[in-house]
Amino acid sequence: MNALKRYWWLILLAAIAVYPVIGKPSPYRSGLLIFAGIYIILAVGLDLLMGYTGQISVGHAAFFAVGAYTSGILTAKYGFSPAAAMGVGVVFSATLAFLTGRPVLALKEYYLAMATLAFNEIVVTLIIGFEGLTGGASGLRDIPPFTIFGFSLLNHLHYYYFVWTVVVLVIASSIAVVRSPFGRALIAIHSDEQAARSFGVDCAKYKTRAYMLAAVYASIAGSLFAHYMGFIAPDDFGILTSINLLVMLFLGGIGTIFGPALGALFLKLLPEITYQFQDYELLINGIILIVVLVFFPRGLFGIFTALRNKIVPRMGK
Amino acid sequence: MKRFVFSVFVLMVFVALVAAGPAWSKEPIKIGGIFSLTGYLSWLGEYKKKAAELKVEMINQAGGVNGQQLVLISYDDNSSPEQASKVAQRLISKDQVVAMAGTASVPLSGAVASMANRYKIPTIINSGYAVDTSKDPYLFNTSHKTDFAVITAYKVFQKKGIKKLALLMPIGPLGEIGGTAARKYAAEYGVTIVGEEKFDVKAADVTAQLAKIRNMNPQAIFAFVTGEPAALIGRNMDQLSFKVPLLVSHGNANPGFLKLVSNVRTQMLVPSGKVMKPEALPDSDPTKKVIVEFNKKHIAKYKEPANYFSAELADAIDLIAEGLRTSGTTDPVKLRDAIENIKGFVGMQGIYTFTPKDHHGTRPDDMILLTVKAGKWEVPK
Amino acid sequence: MSDISHLVQFLFSGITVGSVYALIAVSLVIVYKVSQLICFAQGEFFVFGALTMTTLVSKGVPVPLAFFLSIIIAMALGALIQQVLIRPMKNTSVGALIVMTIAISLALRGLALLIWGRESHVLPPFSRGEPIQVLGAALQLQILWIVGITTVVLFLIWFFFEKTPAGIAMRACAENPYGASLMGINTQKTTLVAWAWGSGIGALAGMAVAPMLFTQYTSGIMPMVKGFIAMSIGGLGSIVGSVIAGLLLGLVESYTIGLISSKFSDTIVFALLMAVLVFRPNGLFSRS
Amino acid sequence: MMEKNGHILTISGVTKTFDGVRALDDVSFSVRSGDIKALIGPNGAGKTTLLNAVSGLNPPTKGSVLFEGRDVVGLRTDQIASLGMSRTFQLIRLFTINNATVLDNVLLGAHMHLRPTLLETVFLRGRIKRQEREATAKAMDLLKLVGIEKEAHALPGELSFGSQRLLELARALMTGPRMLLLDEPASGLNDAEVEEFTRLLMTIKQQGITILIVEHNMKLVMNIADDIIVLDFGRKLAEGPPSAICANPDVIEAYLGAQSKECGVTQ
């Protein structure tokens, strides 16, 4: 039983792998899970930055945009292979995060929130402004599907496996990060920056690194998004998307990696039910979020762990 | 503990609802509808949805198509390309529609186009999106080309001697498209573009741009924009006592716009389909009959006349039905070919003749230029 | 039109928009000063104020009465939200509070959609009349109303915080909540009052500008973001700072559009904001 | 780097002003390698300000701080810490976010030796794990030394106040410092705990670690200090061995007063 408690995620992994075989999902169903997977990558990255390092970002969609547009432009206009374009996007996002990280992350709380929001807006207005390159507000079209070693991932199940492999890698590496000396430094920064500094943690450097990692994840998510959609427009990368990511974090349970992943999954599947409510959808979404925040401060993942502990009795630490 | 049990219950219900989904019988022919019912384009989504539903009803009452009834399955795209892409995929793969209709903006159309082409589902959009048949073989558009709107206005300008035109374009897709079209035909109709300014559609005030434009001494202003920003420009022009006509986009040919400009004195010029002014059409115009008939039913059902958006959707459904009729199958690829072969079909937006190179089908003559006088649409003299 | 009249026109345009930003920023500051919380739902009070008044006026309620009724309704709504939803959220992280107010704004927006539908609503101007010509530029009468209302509100705030016992208590509360509670000041109550004030002023901003705009259920997002920017530029806790910053923001926008580029005006505004945050993190007008 | 004349820390002319107020005014003294030096004085005398100035949390306005012969003024806190100087805080500052345990807190002390990079963390798991095992063993030893090894997996918040102080000490020791700055480590401890703590400090001293301690408990100070410096209103009032300080009339007037009895007890 103790093993079940420790290795429950293996069951999850198996479920991800087996779902297409047993569930025989339509392209729509797998499409939903592909979008959910992309948002999980974004949310997990943001969790490293917000949940672990304690740095608020209301502009994370900026890096999502950078990844998507780098991939989109390089493949649709310059004939790059998708994998190469994704790599360029990663390098570009990491560089951008490196350059902006120090000055921006020196700010705290609301000021940081404001600066990241501004960063998001700047990226979006530049995308709209340089329409020759980006397609402007009308969007960028003709982005080819993803290919690896000449093998096209146009088939929805192939892409499902591809995206979810990335999801698993991102979650696994995030857990490796937070359960390592590196993650401990991040947590120390989150707890008490001055005290962390007194123990040799170069806070600016570690914050910037966490920011870069989150940016890299977001960029990868952006590339995956662009190749799946085949078309991207600035509307999907604005502040509203960034705010949605925040909501995913808190809905799922911030600072737990799995929580934000769960939050992303939930929020991306929720419209499947609430679309029927039409005009009431917005109100209902707001109320669901309020209820979770007030009554379940640890989010959906808190509910999940409580459930797990109920089923598997405590075995001691 | 109670809270815990409750949350488990909620979670299970959630999963069950997602898993179940609605079940449809196989009988009727399914057509997908994609409408912006929430988000910033939600004000026009409703018009389109209503018209599409009415048209399907009318076709079914007349016995359906090839003996089968039509059914419209429609979803909200939240005015977001991502959601539009998602619902398009849902319609294609889950609901297995034979064709789709709808969308409200260029980015939304782009997102849907990508899915339509990938899964080879004929789709009739209606927005400023210019269909390039070499890239979008499965896409058709019942919205008049922006070029036609510009040409329609320029013809009137030529008659009235308006030669100097200033552009006030929104930052965004419409501005990009409108500006391009305005420049393309300027020389042909003897119009000079004296300058261009841009503005943010969310702005509360555009007097700064208008002040600059006034310095250019134009005889008219062209703002290819829809809804509130269009009315806002008119109102700001009133405030500056800047008395030249304001040409706006054909997306304003709807009753909501009349309400918005009820207090505006600036002369608004709105290119439109003939649907907005059927009484001004000669009886010889074949579209008149179609418009009058649909309008009658629209008023009966919704207590308001059809508008430009309604006409776009009514025609979209009609064209799909026509394609189904002529091809006799529900195979989407054959349906596409059938729609592409439609010639001389009389709709509300005009007479459609598609070719492998032209998926808009309508002509400049299918548009008229309207103005607002005393809360009513008028044809300017 | 001469160059001067151009510049004057940009000035009017900037002051109009700037006043709205300033009012929203002030409403944010008042709540922030007392409860160290930035309410992301402030834009929704803007919408509720404008739409409530539009509805009342269209139902034949006289303008002054509609004006006060709308403010009172917004204040009550703000106080209710504070009591029911914000109070239980004590001792949570800034992030959680931000998300909570976002949740509230979603719910309020949803509510506005149900009450007023999707279409835009127009409020007639407070007074009818031709725009005044100043140096060749047109000045709308409603701008005078907006500037007047802003001035009165600022005076009332000053009077309240400086001259009334309740206001002085609130200031004490803002500076040192613990000390204030020792002095027997009811921090609960002052927070509640601050929320009511904040919501009222947010609504007021919406009402003042409603005749110049078209208001619908999503109209609150942009004023909220811009008000937030004004607040950050002015320094989070400073009423005077945020008023100046709000006006300045409006003017920068208007002159950027007029003299530089309308295409990148938003890029410039946001870049300016980032520069202020990075180089003057306590606001443009802070002393240290 | 060699220290000057056996002095591990030499502070000269350190001045710190806040908004024009001099919290520290031209303070100079040095600490001999291997000593325990106590810093005493009334509240507001500038003791914590001085520790912050030395450790870089709040650098001095003027003056120099030589640690092992190197001027550390102008270095960042984390750089100073990495040179081998560690500290505890007057108000306990433990890491509590994300369920960080007692052990995690101590392990953070090893940060400057591990200096984990992101790429290593993601791609060189084996190496990180080996380092982590070694660090954990050392951390457990230190927890045993301070006597809270049983609570290694508890959350810091679950510890008693005294144990939290001990945890702070263990965390500081984990950095492998050559010098420790302790800010009122015994405040809030009961008599038994103070006695235990005194023994612990002597053990640490025997390991060759120099200690600069700010403390109000004169009994503790008199028991352990090799040398004492007294601050009053930001100025150095007196400096010397415990016996001389106890006898100094200025010190008695400015600070010791009633406590001079305790001072006498140890003589």
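Points to keep in mind about this one:
Labels A, B, C and D are assigned to the chains in the order they are written; within every chain, residues are numbered from 1.
Note that in this section contacts are C-beta pairs under 8 Å (C-beta built on N, C-alpha and C of every residue); 3 or more make two chains touch, one makes a residue touch a chain.
Small disclaimer: the values here were computed from a predicted structure and weren't measured.
In terms of Cα centroid distance from the overall Cα mean, chain A ranks first.
For chain D, the chain whose average C-alpha position is most distant is B. If you average the Cα atoms of chain A and of chain C, the two centres end up 33 Å apart. Each chain gets a centre from the mean of its Cα atoms; for chain A and chain D, those two points are 42 Å apart.
Centroids built from CA atoms put chain B at 34 Å from chain A. As a whole-number value, the distance joining the C-alpha centres of chain B and chain D reads 73 Å.
In chain D, there is no position where the chain touches two or more neighbouring chains simultaneously.
Each of residues 279, 281-282 in chain A touches at least two other chains.
Touching of two or more other chains is recorded for residues 38, 171 of chain B.
Every pair of chains meeting the touch criterion is listed here: A-B, A-C, A-D, B-C.
Those residues of chain C that touch chain B in the complex are listed here as 1, 5-6, 9-10, 12-14, 16-17, 20, 113, 118-120, 122, 124, 131, 137-138, 140, 209, 212-214, 216, 218, 222, 254-255, 257-258, 261-263, 265-266.
Residues of chain A touching chain C in their complex: 50, 56, 58, 103-104, 106-107, 109-111, 113-115, 117-119, 121-122, 125-126, 129, 239, 243, 246-247, 249-250, 254, 279-287, 289-290, 293-294, 297. Chain B contributes residues 38-40, 42-43, 46, 171, 197-200, 202-205, 207-209, 211-212, 214-215, 227-228, 231-232, 235, 239-241, 256, 259-260, 262-263 to its touches with chain C in the complex. For chain D in complex with chain A, the residues that touch the partner chain are 55-57, 76-79, 81-82, 86-87, 89, 93-98, 100, 104, 107-112, 114, 116-118, 121-122, 125, 128, 131-132, 135, 153, 171, 175. Of all residues in chain C, only 38, 85, 88-89, 92, 94-96, 98-100, 102-111, 113-114, 225, 228-229, 232, 236, 263-264, 266-267, 270-271, 273-274, 277-278, 281 touch chain A in the complex they form.
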